[in-house]
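In the two assemblies presented below, subunit A is common to both, partnered first by subunit B and then by subunit C.
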Partner chain A sequence: MERVPVLKIGDILLVSIQIDMEDQTALQLQEDLAERIVVTGCHGVIIDISALDIVDSFVGRTLATIASVSRVLDAETVVVGMRPAVAITLVELGLSLPGIRTALNVELGIEMLARSREDEYADDDEDEADPATVTTP
Partner chain B sequence: MNDESQRIPVSTDQDVVRVRQLVRTVAVAVKLSLVDQTKLVTAASELARNTLVYGMGGMVEVSRVHNDRRGGIRIVFADQGPGIVDLDLALTDGYTTGGGLGLGLSGARRLVDEFEIETEPGKGTTVTVVKWCR
Partner chain C sequence: MPLSPDEASRFADLLKGHAEKLATRWTDSVATSLRGRLSSAELQRQTGDLQKAFQQALAGGAVDVTDDAAAELRAQLAEISNSRARQGFNATETAVSVYALKDAMLEILGEQSDVATLRDYVAFSTFVDRAALFTFDNYVRVREALIADQAEQLLELSTPVVKLWEGVVAVPLVGTLDSARAQVVMERLLQTLVDTGSPYAIIDITGVPAVDTQVAQHILKTVVAARLMGADCIISGIRPQIAQTIVALGIEFGDIATKASLADALRYVLGKTSYRVVAAKRPER
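Here is the complex of A and B:
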């Protein structure tokens, strides 16, 4: 069975799926990613599927599970590079990938992750600032 | 009616990948559009997985077909598995007995032009699909 490599770039784990995956390979990727998120403490995962000429219900479900597991482990997942024909087919198949964030390419995916991380920090700052404004005369 | 056909036994995950690759090759050869190729390969992947998971393995046959107006591809997925007791239910979106999403059979039907299913409890299931060139 082939294995899909997981690359760490700064605070992001990047996965580029370049092979026609067997079901077992997809499940292995799911496990590898969860493991790497915990080991590296990365807060973002980008899965590039631009090389995939189909996404069937099994791969679709695996992507959704990866996104959910990542979220539980404090990492945000963005699926990037979906081909137009794949998008049309997925929707007709009945799979709209709820809960999965998408971007058109890796660059936009990285921007999306950076933005959502900033928003999160901004929220945190506000929370901390509130009691200070009350106690300071 | 059909000039040539190729058969692939399906008994492992890897065979499902082989079915996808064969269907893609034939889809390109009969000049299906890119979207139709994608739909057919996706449908084939769902149905071959069903043959493997629910049918306990079986045989897939891919044939080029043509009528007087156009060409196309016919794919037959045959297994000698347990068969389907309630076909209407099995064809309902979201119904599954295998822990999947329940979109394989119902979704595959939407992705092809012709869809036929013959099943008998205890005897097995044969699904035949056809996709025509536009």
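Here is the complex of A and C:
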């Protein structure tokens, strides 16, 4: 069975799916990612699906599960690079992938993650009187 | 009653012998039906060519328009129906151009009146009828091709995606939105989002005359698809009348931002990005 590689770049885990997603591959990816988030302590996950021609309902649901699992582990997930044809097909099927954050490309995805981390720390600043307690990322 | 090869050659001789008289009579009767919308020189050239083609076909032993010997005749008929269709003549006016040959021929045959001639004439008439039907078929085909071309041009013309700002594209929708057009708009917008990497799209419906549930459905689908790809859509240009229709029909736009004008939508998007619109201070005098 083929496996999807998970790359660590700074505070982000990058997953670029270059093969046809079969159900087993998707489940394996879900397990691998959860493990890597815990091991690396990353706070962001980017899943690039720009090479995928087909996203079926199972893969769609797995992506949603991955997003939920990462959120529990304090990592934000962004799905990037969905093709227009894939988006149209998903809409026609009535699958709007609730709970998944999306961006047009990897660059915008990284920006989005950086912004949401900033917001989080800004909130912390307001909550806590002592700014020295804020750890640098 | 089909034409026999024998009769065909007799008519070919007739066409040749009375060429001048036939041409004049034929051109006259076509001219009256077209009521001067085609110059007489042009008309004379056309009937002349057609007459020659008829004569050649009959001399070659053609007993039907589909025969090999009538290839030249078919080409002439096709040319006439092409030019008539493109110049906007109606079906009758096109058919008359061929049928008029029967009147002209009858006039020439009128000098002799026996049963054999009558039989010949009926057979010849059938031949001309077939030719006219061929012309008419061709006329319809040309007209349909014209309509298809125009529909395609309309589709091409009416769906531009324009860049409004760094990272902001807009689609000004003009005209009624049917399924085919909605599909084109959706595909083009999504492709532009990918190509330009714009996270914001404004769909302006100022030019859409009416919004019914179907049109709303198309717009909603586009917005959801854009969201799946990671771009946000704003709907602008909702006229008061349309706003009332939307509410009356119970269409829910949910959490999709709707703005009254394109300017409002752009200001809203700029506010969400790092830009801020402020009036420049005037230099004091």
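Throughout what follows, the second predicted complex is superposed on the first by the 129 of 137 C-alpha atoms of A that agree within 3 Å, B and C clash if a C-alpha of one lies under 4 Å from a C-alpha of the other, contacts with A are read in each partner's own complex, and residues count from 1 in each chain.
We adopt the following convention: contacts are C-beta pairs under 8 Å (C-beta built on N, C-alpha and C of every residue); 3 or more make two chains touch, one makes a residue touch a chain.
None of these values were measured; they are calculated from a predicted model.
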Contact-wise, after the overlay, does A:Glu2 reach subunit B, subunit C, both or neither (first, second, both, neither)? neither
Applying the touch criterion given at the start, work out whether A:Asp23 contacts subunit B, subunit C, both or neither, answering first, second, both or neither. first
In the overlaid three-chain picture, which partner chain does A:Asp119 touch, first (subunit B) or second (subunit C), both, or neither? neither
When the two structures are overlaid on chain A, which partner does A:Ile88 contact: first (subunit B), second (subunit C), both, or neither? both
Touching A:Glu35 in the superposition: subunit B (first), subunit C (second), both, neither? neither
Which superposed partner A:Leu104 touches (first subunit B, second subunit C, both, neither): second
Based on the A-chain superposition described above, do subunit B and subunit C contact any of the same residues on subunit A, and if so which? 83-84, 86, 88, 92
Write out the stretch or stretches of subunit A touching subunit B in their complex. 20-24, 53-58, 60-61, 83-86, 88-89, 92-95
Interfacial residue positions of subunit A with respect to subunit C in the complex: 78-80, 82-84, 86-88, 90-92, 96-97, 101-105, 107-109
Subunit B residues within the subunit A interface of the complex: 13-14, 16-17, 20-21, 24, 34-35, 37-39, 41-42, 45-46, 49, 93, 100-101, 103-104, 106-108, 110-111
Which residues of subunit C touch subunit A in their complex? 186-187, 190-191, 193-194, 197-199, 221, 224-231
